[in-house]
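Below, subunit A partners subunit B and then partners subunit C, in two separate complexes.
Up next is the complex of A and B:
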């Protein structure tokens, strides 16, 4: 018999008067009441577990129906030729075979990767820079104001922001070119030149997502132990040295998180190029998800579009794995 | 204390009960919704679902056109649903997704852009038998409609739609901008050189207005120059068939001579000399500051800029009359002329109509309704305020355009009669892939200044699209 059950038995003996009233031997009555308590506890635990499952069930259903099932479906669909109207035709790996010689897929992956690297770098660098400025110099009220200001664009949908920005950056009547003209500066072909369109997409994407990295870094910098910074200050460390040697290593997990999430999001860039440039001029802003959308919903090649999605998924998986592997050398978990 | 309140307000049992109740309500709601949508369910067989390319508020206004039909067919209800989109490609994507999801309407508005797409996919019902059956009733309609519009609604020898509207690519101009540049109304047979002279004069005058502007799309884009230059993106041909229609309705009409069973779009010719030359001309105009950098899309921005007197000349169709008037342009401040002559003075046009879907369980009634839509009275309801060109010539009157302009409104319909070689835009069954490729390669050419390279790319894109269908 274990020590625990012996202890229960001993505690049962201490409450003998209640058992004496039933006319049974006290030991037997104590055992019975302990067993009843255990059963009641088990029932409560089961109810709580069920309640917990019930609470997450609705969210789980949404995730399964709208995320997990489509992901699995796209893996299956990638093996079929299907125009959504006639019956699907099994083609095995033909879609993947066709992908290898499709220049638009390779090109879109290159465009997307290029945009992703620039956007994530700017989001992390600017987010961190602004967080440092705000955290170090501003009062609490000003800090809150800055947090709200930088986070505000994230509350609007990317599509609606893109519509507004398409007008703001319009070559012919956009506000930006209007002011450039007032200042007697040359107008810029924001959306009708290759470089201009890429820069505009980057600008809009960074502007909208900056609040996310900014908030992350403000929180991370706030959690850097004050005594460590104080000790460094007493030792005469310059602000730059304190940043590179203390703050940055301590917030490196946040840098990894921000860059990983940013990269995953940016590799799926769609709204800005779809609304503002339609992937143009030419294919200069033609991202992979835009290609997937047009292949599936406009060219009605759902199987082929699914195959492109699977490739994008694999690319993202590899990039993330590399990111985590490399991070072992520069991320410090305290 | 707060936990006590929470326990009182959200007891587990209460929450679970509420959850079950909500699920039940949602289920019942979903069921009710499923029962009320689509024409395929038995309880809903008295509803004709019509899908139109517009917003829902405008779609609701169309119900006036259904009133006489509903009165003539007691128990029938016509339900108009609007779908918005940036262009026809966007609309077709949404429509095809809806059809794939099992929510196919009975009738759908489809323009030239999508007619062959829907016919080739076996989604649209040919109207031949209905038209033959009701030939006597339809004689007055066909007598009033130019055969070019009818032929544009045919595919592989079958008629799929009765045209309800059309727009030819003419040249709109700002009368005040031309006058200020010392230029009068161009002659009917004006040429590309005349156009260039006028554009140069407007540019010399200075100011913020651009002499010429256009939009990247298939209809009325640089493609109008391509047609005038005798080029096309695809090899032109005609399907056999349709004799029954021409013999029945246009027996002695010279305009019906040579008409067959619809346009047959063959191998791509996107990098042929006249096509390259046309796009090169657009690049030249842009480089010389005679044309603005074109936007991609439906053309609303272009119309807005024209209405603001920021554009001297632009390609436009009959729908511009109402559009410019609604945008605030006064009658007389703009006018329209035929597209200038290059090697030819051939124009392009696009036509619209209502098709019946094969999946409809009310095809006979759908036909009755479609037939009722082409009456002059209903066409007025469908397209109010000169927002299109009517296919019935009798409806094109001076009185109609007296409130909106333009002064030379007759140009809209006369384009078909004056230039018999005028043809519909090249919209094959793979129109959607073609539209994407055209936008992509046009913007490439305009940003790089290399028309030939871009059109070589377009040629390759179209060849691929043609193969994959």
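Up next is the complex of A and C:
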């Protein structure tokens, strides 16, 4: 491809001078100068190629050494039993065989996908709802104020936010239970019951990432053509009808993007459970990445941990593939 | 609401009623937005307010939302009792080097993939792009081993080196360079400028906006990073802020949460300042990502 376009470009360059000179010099001279020119062009093309390689080299080296090679290495490592001290022992597909019947693996995958689905649904629904409300505001200043407010938690690290939230949701001294008490509502054992811990993780993750979906949807709604909405309004369409029939179809690519990115991110949930619950109580918030971390870096089962991480990668690929196939049916690309 | 409207046959009354309905609707939406915004900001306000209470009263309820008698000693304590200065400097060095590295490698590679004709352009770009989806957990074990092999375990460079180039930056910069006119560079080439001069003098200066976007997004991602530091770093001297704070919380226990919260607030300040200065680049970056 690039070679072909190079040839086209070289011909384009060469045509101007050769056209100007044609007819005048004898044939031999023409041949000689043509070959000289061709050599010059080749030299120029070679120089451009070298320049191209030099420019992409740094990024390419980093990506190849720290992502491409490790990905391949993970697949290979997954076929070994290795504790990082003794020499690795080839076990074929034994690791994958073992993890299928390993309850902590299947359970962690269930926990993670359950969390991911709830979190992403809430992020998309709330982000879209708030974006619709903000889009109605005429004042740019009001819009920017809300945008800044919803964005604020995204600026903090999930780890240090989790520190804060572990205090806020503390069963005995936490602010949340204090206010529930004040409203004569039953206190919730947020971090010490399985349901409470799950709810806490969901709330914290949704709360922190809400700004992301919000900003995406504000931008998407801003690009819905005004004349279409106006026409619908004149025809007497209700706001609900306008949302379901016009706005939602038009922003469906953004809904798809937000949910794909959201699912991919939340399937890798780690910081919040690590800091707030350590995966507990029991294994109720024990996500797959937490499992990979402990298997590899605390139990030193590098081969087995690699196998789990490969499975997680496969799950992410499947999610993405399914989402894009399904989307063909309902996503509207203009 | 509609029921009331239907019972009123007088057409003259309809217009003001609809206006009132719109006004009530707007008021309602403003209320919902305000409540949502308050709920989103509340935990951070609580953290700030509590960081200004004495450690002994930090868990007292009701919380003091507006500190009437702010105690600044926690901000002193967090530097005295904990190596917070060290954490902070480590975060600055690590994040700074990563941002600079990302800008250099991504601008160069993005430019080359968009503007330079060379054999393998498409294929190499496809390789880089394919890694955009790879989750860090799937590469972390081999990367840990490479870091160990390079003798960089428990060093700040272990965090920097693997992060100075990547798919997202390359992709983002390439997108912008693709939109730029080729004629400028071709004209400069005819005038005798070298390939590198064309890049450095003409195109790179035109790409300041995407570079700013890349810089703020990279900063935000690595300033807040927890997973890799947790795995790569062992000695407290090398800890970055998030890892240092989590460790601090574990060590200090619940007795002195206001000190921990002071640390959390300090860690948040640079991000907030950068956001205030470059809000539009944050937004642009997020939106640009959705068009990939």
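The rule is simple: the second predicted complex is superposed on the first by the 259 of 334 C-alpha atoms of A that agree within 3 Å, B and C clash if a C-alpha of one lies under 4 Å from a C-alpha of the other, contacts with A are read in each partner's own complex, and residues count from 1 in each chain.
Convention: a residue touches a chain if its C-beta (ideal position, glycine included) is under 8 Å from a C-beta of that chain, and two chains touch if they have at least 3 such contacts.
For clarity, every value in this text was computed on a predicted model and none was experimentally measured.
Using the contact criterion defined above for the overlaid structures, shared-chain residue A:280 touches subunit B, although it does not reach subunit C.
Within the superposed three-chain arrangement, the count of touched residues of subunit A is higher for C, of the candidates subunit B and subunit C. Contact with both subunit B and subunit C is seen for A:51 once the two complexes are overlaid on the shared chain. In the superposition on chain A, A:237 makes contact with neither subunit B nor subunit C.
Once chain A of one complex is fitted onto chain A of the other, the partner contacts of A:148 are limited to subunit C, with no touch recorded for subunit B.
Of the two partner chains, subunit C is the only one touched by A:210; subunit B is not. By the touch criterion defined above, A:294 lies against subunit B but remains apart from subunit C after alignment on the C-alpha atoms of chain A. After overlaying the two complexes on the shared chain, residue contacts for A:173 are found with subunit B and with subunit C alike.
Residues 47, 51, 55, 58, 170, 173, 297 of subunit A are contacted both by subunit B in one complex and by subunit C in the other. Subunit A contributes residues 47, 51, 54-55, 58, 83-86, 170-173, 189, 192-194, 277-284, 286, 294, 297-301 to its touches with subunit B in the complex. Those residues of subunit C lying in contact with subunit A across their complex are 26, 29-30, 32-33, 36-37, 39-41, 43-44, 46-47, 50, 59, 61-63, 104-106, 108-109, 111-113, 116-122, 124, 127-128, 131, 133-146, 161-162, 164-167, 169-170, 195-196, 199, 220, 223-227, 230-231, 241-243, 245-246, 249, 254, 257, 260-261, 263-264, 267-268, 271-272, 275, 279, 282-283, 286-287, 289-290. Taken together, the subunit B residues at the contact with subunit A in this complex read 12, 15-16, 19, 89, 92-93, 96-97, 99-100, 121-123, 210, 292-297, 301, 305, 310, 430, 432-433, 435-436, 439-441, 443-444, 446-448, 454, 465, 468.
Every residue of subunit A that touches subunit C in the complex is listed here, in rising order: 1-3, 5-6, 9, 45, 47-53, 55-56, 58-71, 73-74, 77, 126, 130, 133-134, 136-137, 144-168, 170, 173, 175, 178, 182, 207, 210-212, 215-216, 219-220, 253-254, 257-258, 261, 264, 267-268, 270-271, 274-275, 288-289, 292-293, 296-297, 302, 305-306, 309-310, 312-313, 316-317, 320.
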